[in-house]
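Next, two complexes with chain A in common: one pairs it with chain B, the other with chain C.
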Partner chain A sequence: MTNEATTYDAAIVGAGPAGLAAARELSSRGARVVILDEQARPGGQIMRQRPAEFAEDGWLSGGLYRKLKALLREVESLRELDWSMSTTVLGVADADGDEGFVLTAVRADESLTFRAKTVLCCNGCYERPAVFPGAVKPGVMGAGAVQTLLKSQKIVAGDAIFFAGAHPFQLLVAAQIAQAGGRIAGVAFAQSRLRVLSILKEPWLLVSHWRVFATAFGNLVRLRRAGVPLYFGYAMKEAIGANRVETVILQPVDSGGRARTRAPTKRVDADLLAMSYAFEASSELARQVGAQSRWSELSGGWVATHSQLMESSVPGLFVAGEVTGVAGADASLVEGCLAGLGMAVALGSIDAEEAARCAAPHRRRLRNLLRFAQYLARLAAVPAQLFETMAGASAVVCRCEGVTRADIAEALAGNAQISTANSLKLFTRAGMGLCQGRLCYANAAAQMAAQRGARVETLGPFQAQWPARPVSIASLIAAGDEDCVASRTTKIRKPCR
Partner chain B sequence: MRGKRVDGASGRGKPIEVRLNGQPVEAYEGETVLALLILHGERAGAPERGPFCNMGVCHDCLVTLSHSDQAHPREARACLTAATDGMSVFIGPGGRR
Partner chain C sequence: MNRYDVLVIGGGLIGCASACYLARRGLRVFLAEKNDLNSLASGQNAGSLHFQLEHRLIEHGDALAAQFAQVLPLNAYASRLWAGLEEDLGASLGVRMDGGLMLAATDEETELLHKKQALESKSGIDTRMLKGAALRACAPYLGEDVRAASFLATEGSANPRLVTLAYARAAAKAGAGVYAGCEVAALSRGGGVWRADLIGANAPAARICADNVLNAAGAFAGRAALLAHLHLPVMPVPLMMCVTDRAPPAIPHLVQRAGARLSMKQARDGNIIIGGGWPARFRTANGTPDFSRRPKLIHSNVARNLALAVQAAPLVAQRRLLRCWTGVVGVTPDQLPYLGAVSKSSGFYAAVGGSGFTLGPAYASLMAELIATGETSLDISAYDPARLSSVNGFMEGAA
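Coming up: the complex of A and B.
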């Protein structure tokens, strides 16, 4: 239940580990909190719950999830929290004249408005698709999509599933699919076998994060035992098939990600290709409000910057979790605790001194977790030339608008005045489609940086605009909010209602 | 049929009546429209493209939904929409094939 007339102390966008941890902290201090999320049930992607109608048998069993599940169940049982699930947040703006923020959102086709003194953007990250011929074909998905279909919907999404990527995450998903009785056609890493195993040479990591490694190693052993072919030093060359993927072709690559043209390619039959190359931080909502971001090649692209208690450059707007840099669920949870404390300070329910005292153990733990995350990120880093090798000359970069590498190259060559990612978008339409540039930004920007001899951080992000997701005009007008629609679409900052 | 339900029908909600492009398909309460598309080998959204993310980002799972108790069909992302009894699903925005 939510109440549109209420001014909440805190609105939390994202019901994953960060949002749940912040909600717990804030409610324990008596704050009025509303949590908004696009999913029907809380938990975030890491704990994508089964639908209420399904049995819960065996959902996310295993030690890795224990602490997260305990947090989820605890917060779900808090009576004083308001939830607005199945809700798409379109924008956050400061409430001109009043203190705090106004959030605009839709649930099914109903338009909603929330007011809150503080806002936490912890809306996670998503998978960066690789560009290669056939990559947009039906039957090519992110490994995360294949995993959430399994853990939430109990569905094995293909008859023969091939995994290709550079991230150890794909081992976990492959092992889960195999355990559920799915057939794995193979798993290909772009890195060499030695590089993938080199993590075992870091004893301090093995000791401090033994559970993660035990799981990863167990997965590897399980896949081997099941006879799953593992390929090291192979990248995607092409996905082929008449109407959907039928065969994947692999290209041997060297440690820098360049094609080893003399080595033979491999063909494997599969009806589902799950890719897992990198993750991107979903910082667009925070950026839309005006929060500063910085470029982080290894942890998700444009990530929101913040204070020690997770306040962004916009006073009262907080950020936590993958939005601040992709570092995994444990780090997100701790950042959520810190954000909760920071928001309590902003609301005046605790003083800065007490917050600092409460934050100290979280900060120590976060330092340790981020160190680990950075190590993993370096290890899983996509070899420098890999994306370019896979993309070739003419594969589709912008799925929504069908803009190819060749289109972008031509626009850049013919228009010296294109100097930012935004201007590239205007010239080519890459980034103007329904996903609003989320899936093409990284690839388009990387291509532009290479062609212009510039660094990506100098090109800037695609500007984040209202609405954060496409929405039908009908659902906004139905709410009798025509002034609001007009003011937003013409970008005049005017309070809605 | 592509892929499969783990443990078949067990552990799912009650069977419901759902039509996919006019054809009745096996479906259970709690299943998302995307799950049904995948199980029935149907693509969604624009021609030539498949759903990528199962989390509301790519919009390549757009479908048109109509329901006996709703006046107008509506567009929705299949991955964020639970199938309900009596629902008709048409592929692509505006029901375009």
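Coming up: the complex of A and C.
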């Protein structure tokens, strides 16, 4: 048995804008830092890179990406950073008796353990799937997943792609697909045209965030020019097709998201449906350690709470980026800077006064960014009744375990004592499958809240269990055989260029 | 007004089942659960229906094993109850009684199995020793290290997610008041009745009265007993469980190991549930265990538990670990349950400890019989909490 594992000053989970910014801050102060990420190359979802062999000149062009790309290139060139890419973190736990934390992870079916005095969870967010008849058919994807294929492998996921959602993100993806030569069958917003355009009523936003609006406007123009039909005030009614999506049926809805039953539905042929209704903070790793979270309807569900320098309720555990509330890449970057300062204080590299001084400009910028993010979140908010309207009576809520709306309704009606989301999970199996409830929580909890007349925040999140992702049993035993699950030396690679 | 025959403290399997059987006997029952029903050990355990003597009961030598063999008649009683439970409660509970194997991988373990079988046959538990071709034919999934096994046809498993709530529904149907989110904050006695002060979001009244109290608070029954100024030594023990992704049907049996901590079964949905009593660790606050938080997983124990599972059934190595979870069970100092009156004069009863899931329905049925009629059809004197009279002789009458 060897015991040569490094104890890092900081382990950063997630190599997106927040993680990169924190790594830069910490590295500049001499801390020993390891960055872990599921992807093969750093950048996060926003700067998802192609494999090095397929690098290209025009990668992620546009002013929005400029600052982020500069950060990425800078951090990639830092020699003293350790990278563990293609690494899935399974759990974070406080180290018993010792200071700091133990991170369990897996890379290519090899179990790994990392020790660190401080940990930053900046593992982003994921898309909330909508529940409607046909939503589990092949050919229904998240808009983010469609974008991932495009960014990472230059794959246009379908021949005729229809976008349906409530989030402006789908405009961006649609424009990127169109630019890559894909055909867009249409884009449907649940909100009315007026509501989408109400952004113009806030001129201060146009001035302070002109780049975002210029991009959005450019996307719209690009789609219009390509002759893409845009639908406003339409929700998904059904995706139909023999073995996969062939036709999308749209339901007209009012401003509250209720079906306008007298207005005619619309049918559009498409072989791929990309959904973009909402995002959820990926707070489960932080919650696994015991970090407190609060419910935020508009910015990603259960989001981790934190101090001014991004420390969670667990001392030494920091959170940044979408984990603290979905607010976009710029806000994530600034939160990463703040977290880096907070971790430097925790490590004793700087004192609190200096940290406060360095943090001041970041905090001003963050306030501004969060104000804008909140505005966008209100704009992109899913109309109150929309999810209920789309879901109908019997659509699948938990796709891992095949639990339907009807199953959940029956469980709730038959068992008055089920009063938490966890109890619902235990009784129905919704949330017990491969995804650990990430995909079904919001929809199951919303249904429960509606049926019980309760607010989601009173139902609580699903318990965050280890491992965060399914893991090969053979690899766990192989690691255990060496009797050093907690002290295994890990091989670290520099990122491939 | 707010007057009951029995106040049941605890909305786990034993509490809900007791409420059901008591209400069916026509008694007025009030069940108070401070959290959600089924939210602790009753919903978190492995769901084993094990009627052979467990590893933990036979590992400490012959004299103790003989003492633990006292539990066997209760096992037989429980086995009969489980066999008819889905019909009785009118609900699917995932009950599967296709037999259980206790495996031996060493000569010592084989010898242990023979001794165990001798004890069991005295109590009418019909275990069979299987070896060689007969064993492989019965359980082709077993690994080559397995030398012998004792087989009991009535063993199996049930779904802990479903059983407690099915009892709660049956209890409510029979007229019991079942309240989750309702905590008994204080108990006092006067005029021959118990007065219980209630708190919590769903407490239907600030105070109720009951002639009897049944303590079914599981791992935290010690605390509940102190409300009545009685000692009930129940030690909370943190344990862990593992579950794999869905596998094709391969393991129809409950699988345990004679000389190591392993229990394994395949659920109807295909997931393989692996446990066996491996410890987790209490989280602490100010230096002492914080029972309000879920215990912390010990990763080296996960690896050891899984290695035992793979040794027993190599196909497990091909699976992915889906989830681990931890829970807290209540263990009594002598590992035998408390079943009966802690204080006969005041009508304070307990049904706690032992194999709470396997035996829970039996405890509940017997306690309902005892409280309703003053006697039981099965001799439960071995579990009488009167064995605590050395302590409670001092305590009694203080409430």
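Just so we're on the same page, the second predicted complex is superposed on the first by the 476 of 497 C-alpha atoms of A that agree within 3 Å, B and C clash if a C-alpha of one lies under 4 Å from a C-alpha of the other, contacts with A are read in each partner's own complex, and residues count from 1 in each chain.
Operating definition for what follows: contacts are C-beta pairs under 8 Å (C-beta built on N, C-alpha and C of every residue); 3 or more make two chains touch, one makes a residue touch a chain.
Quick caveat: nothing in here was measured; it's all calculated off a predicted structure.
By the touch criterion stated above, A:434 is placed in contact with chain B and with chain C alike.
In the superposition on chain A, A:196 makes contact with neither chain B nor chain C. Contacts of A:10 after superposition: neither chain B nor chain C is touched. With both structures placed on the common chain, the touch criterion links A:445 to neither chain B nor chain C. By the touch criterion stated above, A:140 is placed in contact with chain B alone, chain C being left untouched. In the superposed pair of complexes, A:472 makes contact with chain B and with chain C alike.
When both complexes are overlaid on chain A, the residue A:420 reaches chain C alone and has no touch with chain B.
Touched residues of chain A, counted separately for chain B and chain C, are more numerous for B.
Across the superposed pair, chain B and chain C both touch chain A at residues 433-434, 470, 472.
Residues of chain B touching chain A in their complex: 2-7, 10-14, 28-32, 34-35, 38-39, 43, 46, 48-60, 62, 74-76, 80, 82.
For chain A in complex with chain C, the residues that touch the partner chain are 91, 93-94, 96, 102, 104, 113, 290, 401, 414-420, 422-423, 426-427, 429, 432-434, 436, 463, 465-467, 470-474, 476-477, 479-481, 483, 485-486.
Contact residues on chain C toward chain A in their complex (touch as defined above): 11, 33, 36-39, 43, 161-162, 165, 168-169, 172, 178, 180-181, 202, 244-245, 269, 281, 283, 293-294, 296-297, 299-300, 302-304, 306-307, 309-310, 316-325.
On the chain A side of its complex with chain B, the touching residues are 38-40, 45, 50-55, 57, 86, 88, 108-109, 126-127, 129, 136-142, 144-146, 148-150, 153-159, 180-182, 243-244, 271-272, 399-400, 433-435, 438-439, 469-470, 472.
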